[in-house]
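Chain lettering (A, B, C and D) follows the sequence in which the chains are written, and residue indices restart at 1 in each chain.
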């Protein structure tokens, strides 16, 4: 571990140096992080990739995480030099559509992490289209839970902020300003990417039910293996009338077409 | 040739007529159908591959959340989601056949004839080397009590599978019983070639802030190092009483924990939850057993199996 | 008056006619006869005190080593060492009588009349408020199978103790059974005023370098957080089926784990191994439960007991 | 924790500052040490007291330990500033006999820890007798496992060293030179204190069976509570003919009269 800094109360930015070769991650992919030599917590925790770079042969991985429970609390207490077990990059990331002009990001809380990496990726793409605009809608509980805003602002044409308590940006939930802007998006030239709490994604799914604008969402579920072997991370998808069907967040996801998932 | 100039110790063991190059395999349900762990642990180096439980028809499994971590363990209620035996043969088996490793297929059913039917299809499929019969699932005809909970029903399933296959039959016992030896003896008499134990302990955990169970299914199966003392005890009890080989499973997270099972009398071991801790775990265990045998001057893993001395603990 | 200006929530519960000021007590065998933990946890603040198991005659217990740590748990084979009921009454009870706390005496025997005899002596001793009957010990007349392993023998012991005492009778169940509900119902029918569960799971661990069991007794009882999911599951199953109160025990190491039991339906909880983790654990749990009730706007711990919602885990 | 230094391979010297009041420990007493917020290892580990002082109101506790397994390995990896859970002082320490002229210490390996604290205690006693001599016999596997020798030498009139492999001092076990000197000890004026591995203590018990010189030994057993409540730390004592009887190392011990214990 190269650094582990608290950037907002209960939110940490961690940089890891990876000694072994790793494939280039796609935005939206994740890694499984574990503290070695501990049986409690036993399992690795999935964390989205916030940034990735190669410097003089060594790969650097950036994570942005929120202290949610035991595992992340212990992670947050580690200091530079500690060795972590990292498995990845895993899962299917966001599908990149280089020829679109408008990229809309919808981030709830810590959901900003993979979307930042995605924005960076779009910025680094060769200019297939001219004047691509990246617009990000960021929502959080309060101004203190707004993390990674500066970095996102540097990557986007426009960032719209809402907080539940109105301590920063507009007061309300992030889907409100998005809903207002939705009619102005050009269907064939726009894609929405979203990551955030279940309630936000469910609201988004409702809002976009009739919309022709495609939307990819990154969802979360508890994981054990992270590799598709244990079937622990299932989420329901819409299939035939009464047929129930599950897919693995770690393998078929974590990124899905919003209409593919069953939001009930 | 190893560093001491001697030949490396022999790790080969035989289970119901099947020879395994070493006594280490993944546990059912933690290894998918073999493909997922291949980048970490070359299948050809494993003693055998054990697949996720297969039933006659595909099953969707339980709604999420399906897993929860507990102290040094985890609960799962995957609900035996699987592609069904026909899709398994058509889509999953070809991949496994490309490897030089025995394939053990874990099977289950909700009725005795379902077990028998799955066994028959797999026996004719080719490329399956043994069946592992999971008798922890509820017997829907008998009010949902697990087949493995009573000696009679455990024996009935065993006999039905034996009658429908020429493959070696390994019966996997549930630990949620008063007397594991009684069940083991019943299953042995019914013709099992080997026993594997333990499956998961039934457990439950609660989200106290929201006052709901952590698993949508309410209860789930407890696995991982937390349960290892129970698994070692049961393996030791059973291995001392049956003639057929015993495969030890439960809480193996390093080679030392695998050695506990072998010393207690298990002829082979399976690594389940341990693979989630480290995807290379099966190989680490194989290497650790080999190093142990060398360090202790043992030429054959057979010398280790059942070598527990009980006269004095000091 | 607490910070919000309201009265603090009520923690009192009643078990078999005995009123406890709060639902937290130590578990038998982890608290000696009360004196050892007094410097850390004022006995008067506890819901009750539960003593080490007492038999008719003194018992030396098992040879060492008697304990071994396991992942998030421990094995013990103390062997029910105790001073015997007469020395207990003469030497240990006077100390407990000085306190303003209900005294629950844990008892056991190797035969039904031994249980009955101990119950009788304790009932006449004065200063004993309830008996907790440990039926996990082997029935020497029936080949060493635990009384608690079969509904018939569990009921027999319960009835014998009930017949010899006017004190509330709490029967402590062993988890090493196929169907805990069956045992619980048998014991309830036989007249138990309350049930406590679980006792330890039978386990074993091996020193692989020396190939001997870690415990001189070979097997021992597994306790600690590792077993909590099994204990919570059994408490939930039993509390849903019996009318008498259930006391939850197994792996409580903080107030959250105690809350799991209460939410699952336990009317009180016992802290065993958790006290070794922190000798103030019982008080921490009491304070944690009180804080939880305040945070969730509950006026009485009764509102919490059995409040699990099972319709949806999300 | 104020410091945690490796003084010999696999042997550590730890100094703890205690924020809460603690009674003055008697040499031979121990503390239960635990890493908080970990369920694995679950139990505290007993460690003898190597030194104790009070400086400006704060008590300082010194421990000397050998990495024997998981718990001590994790302890050894902790750095300054970490907070540990410490319970003690516990148990019955060595009985001090101020009027004796000759104090013999027999230390095997890490057993030197409590005996060093004992030697320091004897050195600090008011001069009841003139010219008290403290002689220490120290045994270890090899020179690398000889820990705390300097400190012991500063406290004793004489230190006799043996190592199993002869890499320091005489080659052999520590009871050999002691056995040779035994006849020269004046029964009424001498006391022997011993701490070390079981084999050494057993050998000593054999040797002293007929000796009139009293001997106190500190023994080890696995512990859970450390307070006398769980009966986990039992050792057998000699009682009537066939009667078996157990005492608690944590409560009646860890120091016993060598002839009281059953060495079979």
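We adopt the following convention: a contact is a pair of C-beta atoms (placed from the backbone, for glycine too) under 8 Å apart; a residue touches a chain by one contact, two chains touch by 3 or more.
Computed from a prediction, not measured in an experiment: that's the story for all the values here.
Visitor: Fewest touch steps from subunit B to subunit D?
Guide: Shortest path length, in steps: 1.
Visitor: As a test of understanding: of all chains, whose mean C-alpha position lies farthest from that of subunit B?
Guide: D
Visitor: Counting in whole Å, what is the centre-to-centre distance of subunit C and subunit D, each centre being its mean C-alpha position?
Guide: 36
Visitor: In whole angstrom, what separates the CA-based centres of subunit B and subunit C?
Guide: 34
Visitor: What is the distance, in whole Å, between the centres of subunit A and subunit D, each centre taken as the mean of its C-alpha atoms?
Guide: Distance between chain centres, rounded to whole Å: 56 Å.
Visitor: If I count partner chains per residue in subunit C, which residues reach a count of at least 2?
Guide: Touching at least two other chains: 65, 71-73, 224-225, 253, 314.
Visitor: Residues of subunit D touching 2+ other chains?
Guide: Residues 39-40 of subunit D each touch two or more of the other chains.
Visitor: Among line, ring, star, complete and other, which best matches the way these chains touch?
Guide: complete
Visitor: Across the complex, what residues on subunit A touch subunit D?
Guide: My answer: residues 38-40.
Visitor: With touch defined as at the start, can you tell me which subunit B residues reach subunit D in the complex?
Guide: So the residues of subunit B in touch with subunit D come to 71-72, 314.
Visitor: Which positions of subunit C touch subunit B when the two form their complex?
Guide: On the subunit C side, the touching residues are 65, 70-73, 75, 149-150, 176-179, 201-208, 211-219, 222, 224-230, 232-233, 236, 251, 253, 256, 259-260, 263-264, 292, 307-310, 312-314.
Visitor: In their complex, what parts of subunit D are in touch with subunit C?
Guide: 34, 39-44, 85, 87, 221-236, 243-246, 251
Visitor: Residues of subunit C touching subunit D in their complex?
Guide: Touching subunit D from subunit C are residues 29-32, 36-37, 52, 60-61, 63-69, 71-74, 76, 78, 81, 224-225, 253, 273, 275-279.
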